[in-house]
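Please go over the structures that come below.
In the two complexes that follow, chain A is the common piece, with chain B as its partner first and chain C second.
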Partner chain A sequence: MGQGRLYAAVAVSGFRRHATYRVATAAGVFTNTVFGFVLAYTYIALWDERPGLGGYDQAQALTYVWLCQGLHATVAAMGRGMEVELIGRIRTGDIAVDLYRPADLQTWWLAGDVGRAVFHLLGRGFVPMAFGALLFDLAVPSDPLTWLAFLVAVALGVVVSFAIRYLVALSAFWLMDGAGAAQMSALAGIFFSGLLLPLNVFPGALGEIARALPWSALLQMPADVFLGERTGVGLLETYAFQGAWAVALLAAGRLVQSAATRRVVVQGG
Partner chain B sequence: MGEVAAGADERRTDGVGPVTDGIRGQAGSRLMDGLRAYRMIAAMWIRSTMAYRASFAMTVVTDFAVTALDFAAILLMFSQVDVLGGYTLPEVALLYGTAGISLGLADLALGSIEQLGLRVRDGTLDTLLVRPAPVLAQIAADRFALRRLGRLTQGLLVLGYALVVLDIAWTPLKVLLIPLMVLSGAAIFAAVFVAGAAFQFFAQDAAEVQSSFTYGGNTLLRYPPTVFSKDLVRGVTFVMPLAFVNWLPALYVLGRPYPLDLPQWLAFASPLVAAVCCALAGAAWRVGLRSYRSTGS
Partner chain C sequence: MNDSSDVRDEEFIRLDGVEKVFDVRRRTGFLRREKHQVRAVDSISFRVARGEMVGYIGPNGAGKSTTIKMLTGILTPSGGRLRVAGIDPSRERTRLAQRIGVVFGQRTTLWWDLPLIDSYRLMHRMYRIPDARYRANLDRCIELLDMSELLEVPVRQLSLGQRMRGDIAAALLHDPDVLYLDEPTIGLDVVSKAKVREFLRELNAERGTTVLLTTHDLTDIEQLCRRVMVIDHGRLMYDGALSGLHEVGESERTLVVDLERELPPIDLGPSARVVRVEGPRQWLAFPASESAAPLVARVAADYPLVDLSVREPDIEAVIANMYASGGDLLQPQAGNS
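Up next is the complex of A and B:
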């Protein structure tokens, strides 16, 4: 109970921390909207040429564009989130302070990241979507249950995203400078989350592989739920896929964490 | 009153020669000062980067890969269709390559300017103000990142591919237009970088707004104008003249019809547009710098 309140407080402070930067948030929304605008037209051209590509009609494809622009900050598809900070703390040795806190390291950082994700969902999620809906014909679900199912998928996506980035950050215990690993992970996130192009448009074996990788849980799956492509058993399968990756990656994070703390050499001073 | 007096001075034919020569000489030496400072600071950062060669190599590869992924997405699109907006893959590659090189050059030379907002916020810009070198040169060369060659190289490779595969009826003018377009495009993007930095004097946290015009503009220019709505094309032709980076010259090279019934000679207007953009960005920069008040704490 006491522990639960602690992590709730960490999550709230994570939310507040990001809520402080209002101008940066507005600038981010502006950028997302500009990119959404450009991408929307390329998708129109693509779906004009191949109607029904990837199982989407044009309205669904356009919804996908705006949904991703609104959501990629929430699931940190491009990285640049807590992993950068955690790598910094490992490099400078500040991690020692975190390790002797009476709290679990992984849960602590997860709580902070959930707070950030909630802020990004509220602060950066709706405006690009509303803007897109104003200018284009979008396939926005009318059933509140679809919205609820979508939010669950987003939440699972956030956890998978965190679990990946936590593992990446821990690599700094061995690499010292984790910047390269963080960049590689961001690259994989951009490409395999479906931010550049929906994964169901990827051809052949590449598509099969991309859809089986954990990054598909970040954007592609929440988007498919939102677009009504996953209902009933399909929806449960989606959750099972996301949940399985979340559990597996979090468990891997714990293993690496215990290995790292056993051999930790604190840097600095 | 002062303006009237100055105007009267300019009309005096005997005074014009020496006065303008003097001004030009001063501006010229300031430019040389700036370039010299830029070269020295950049060289220092290159030496410092080269202390960690493995890390440098990794960041070059990553910068290359980031942009290569964008091209991979275009390849994936063309695995599903033969034409996009009526343009084939090699034609899109020409647009992609030229826009990529232009942005790559501007980013290599001026990309560090994005950190200006941070320096305004924490007050470290003051240090640059007291040094005897132009602030623009100092901030642009600060943390000069040679790794940005990765982006440039990727653009060059894609342009190379396009030029090999495309069947263009080359004329001397078209050959000339390729380097002209890439350099003018770089100057236009450079102007956007500087104007964006000037904006950061007022909105310190808004660095991302600038990237929506540089990186967002780059994304736009990779695709043919036929893909976009007329209003958008109008906007990037007449308001924010990104169309002069590569669309108008490249469409001439490809022998494609112009959007909005624009005249063909506009293909050669890019250097002029670039010069105007740079002048405007320079003015914006001076306004921004003059309005700078330190953090005060």
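Up next is the complex of A and C:
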């Protein structure tokens, strides 16, 4: 226990911090729903023209749209999460406060981000999905085990997303302003997570690369699990892929963190 | 809780020739950068005894905060030896964290978007404070810092004075042996300042908490610290009693003279000089160590005197004087006598 209770408390705080911003949550849900409609009609046009594109039928494609709209905040596919805050703390020197605490920096921020993700899953996940299911014919799984498998994939996606964004944020120790890095990572996230188009519609080398990059663990893989495209060994392979990226990126984050704190120049004051 | 196994109380904080050198890159041409070194802290040595309350002052950029950051372990010294409660801060930052409390006046350790009490609950877990201790310490802070109304308020809605009290409480919940205060009264109004000082005085008296106080507000020092250390350009220029600053600071007293009418500056030779003239009123400065009586007698004898008064040097002027004189003439005294 001990430290475990601390990080549980940090996660609860992360949840509550985001829960305080109700208007922002409502605005996010609204935006996601509007975008859901735009993308849904785009996908209908696409799949009318090319049925079975990327191995999905039209119901699956539409499910993909609404699932991603409900889920991208949870896995922070577009960034704008803890990395922005951490970059700010490094730039202003407030990171000093975090550093003298008897807690591990990476675990601390991971716990807070997990709390945020849980809030976003509950607060921003259901409404777009419900709208989509109401107005379109979606392929929602009936087997509770598929739902469970999906949630595990989402959890792994959250960790991978965090690990990427933590690395991006730490770059601020060297760049002094990490805004550019955060923007680039957000752009990469939007495209390579599959938020715009499922990664399996991309042909050739681009498709291969896109599916091998860590961002595919954020949306593409949880969505595939949800759509029943990954079962049995395929499901285990999916988890292994996500888990491997999570471990590798978290380890890289630890390395960079120890380098950063050794050469830390706490700004100002 | 004070497991100060091999630490002697009179050397609770101990610095021997501590240095911190930063590499700074400066632009010298369109794309050329030149790297040069800045000595933020230049061979500082001092000791602070357990239970002492010491003021640590100096102008902006003197190296105060750098020293504090080394004492918390978030900066590693470039040279010298540094021990706090027997611990090498940069090597055992986490172990040291249990023994120290830190308040950076310009930063906050509290969670911006959450009610104050939530931050304290996190501290409770972070420092693994036993429940009863946590409760007792929190109650005490709430009472003495007058915070009962604030606990459920999100930190972003607190006033600066309220937030500062919240931060001070946060630094004390785990019963630290040492408290570093970096500008704890910055930006506070008079009432809030008084409240903070009163609390610190009690903390030091009752708990014997060792306090190192960095400030620009010399009233903080005058009211709280018997001992003061002055740092400038990374070097310790003075370490001793607050009262002793006047002697080494070459301070001057001022004789304010009201004459019957406007006259040219009074000439008393080398013993005093006129620093200001405003109509019939003149200001004469003379060394604080000398008596005012002979000067008064001479002015009264030679000039049409209406009224006069003597002004004591204020500590701020003394220190400004010290900073201006550059320091080498002031050897650090034996501090912990």
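Worth a mention:
The rule we apply is simple: the second predicted complex is superposed on the first by the 269 of 269 C-alpha atoms of A that agree within 3 Å, B and C clash if a C-alpha of one lies under 4 Å from a C-alpha of the other, contacts with A are read in each partner's own complex, and residues count from 1 in each chain.
In the analysis below, a residue touches a chain if its C-beta (ideal position, glycine included) is under 8 Å from a C-beta of that chain, and two chains touch if they have at least 3 such contacts.
This is a predicted model, so every value here is computed, not measured.
If you put the two complexes together on chain A, you find that chain B and chain C both fit without a clash. By the document's definition of touching, of the two partners only chain B reaches A:30; chain C does not.
Touch criterion met: A:203 reaches chain B, while chain C stays clear of it.
More residues of chain A lie in touch with B than with the remaining chain of the pair chain B and chain C. Seen from the CA centre of chain A, the centres of chain B and chain C span an angle of about 90°, rounded to a multiple of 10. Applying the stated contact rule after C-alpha superposition, one finds that A:187 touches chain B and leaves chain C untouched.
In the superposition on chain A, contact of A:103 is made with chain C only, not with chain B.
Once the two complexes are laid over each other on the shared chain, residue contacts for A:50 go to chain B alone; chain C is not touched.
The superposed three-chain arrangement places the nearest Cα atoms of chain B and chain C 9 Å from each other.
Chain A residues in contact with chain B (one complex) as well as with chain C (other complex) are 21. Within the complex formed with chain B, the residues of chain A that make contact are 21-24, 26-28, 30-31, 34-35, 37-39, 41-42, 44-46, 49-50, 53, 177, 179-180, 183-184, 187, 190-191, 196-197, 201-203, 206. Remark: chain B residues 55, 58-59, 62, 65-66, 69-70, 72-73, 76-77, 79-85, 203-209, 211-213, 216, 219-220, 223, 226-229, 232 touch chain A in the complex. Taken in their complex, chain A has these residues touching chain C: 2, 5-6, 9-10, 13, 16-17, 20-21, 93-94, 96-97, 99-103, 261-262, 264-266, 269.
Chain C makes touch with chain A in their complex at residues 22, 65, 69, 72-76, 93-95, 97-98, 100, 102, 104, 106-109, 111, 113-114, 118, 121-122, 125-128, 154, 182.
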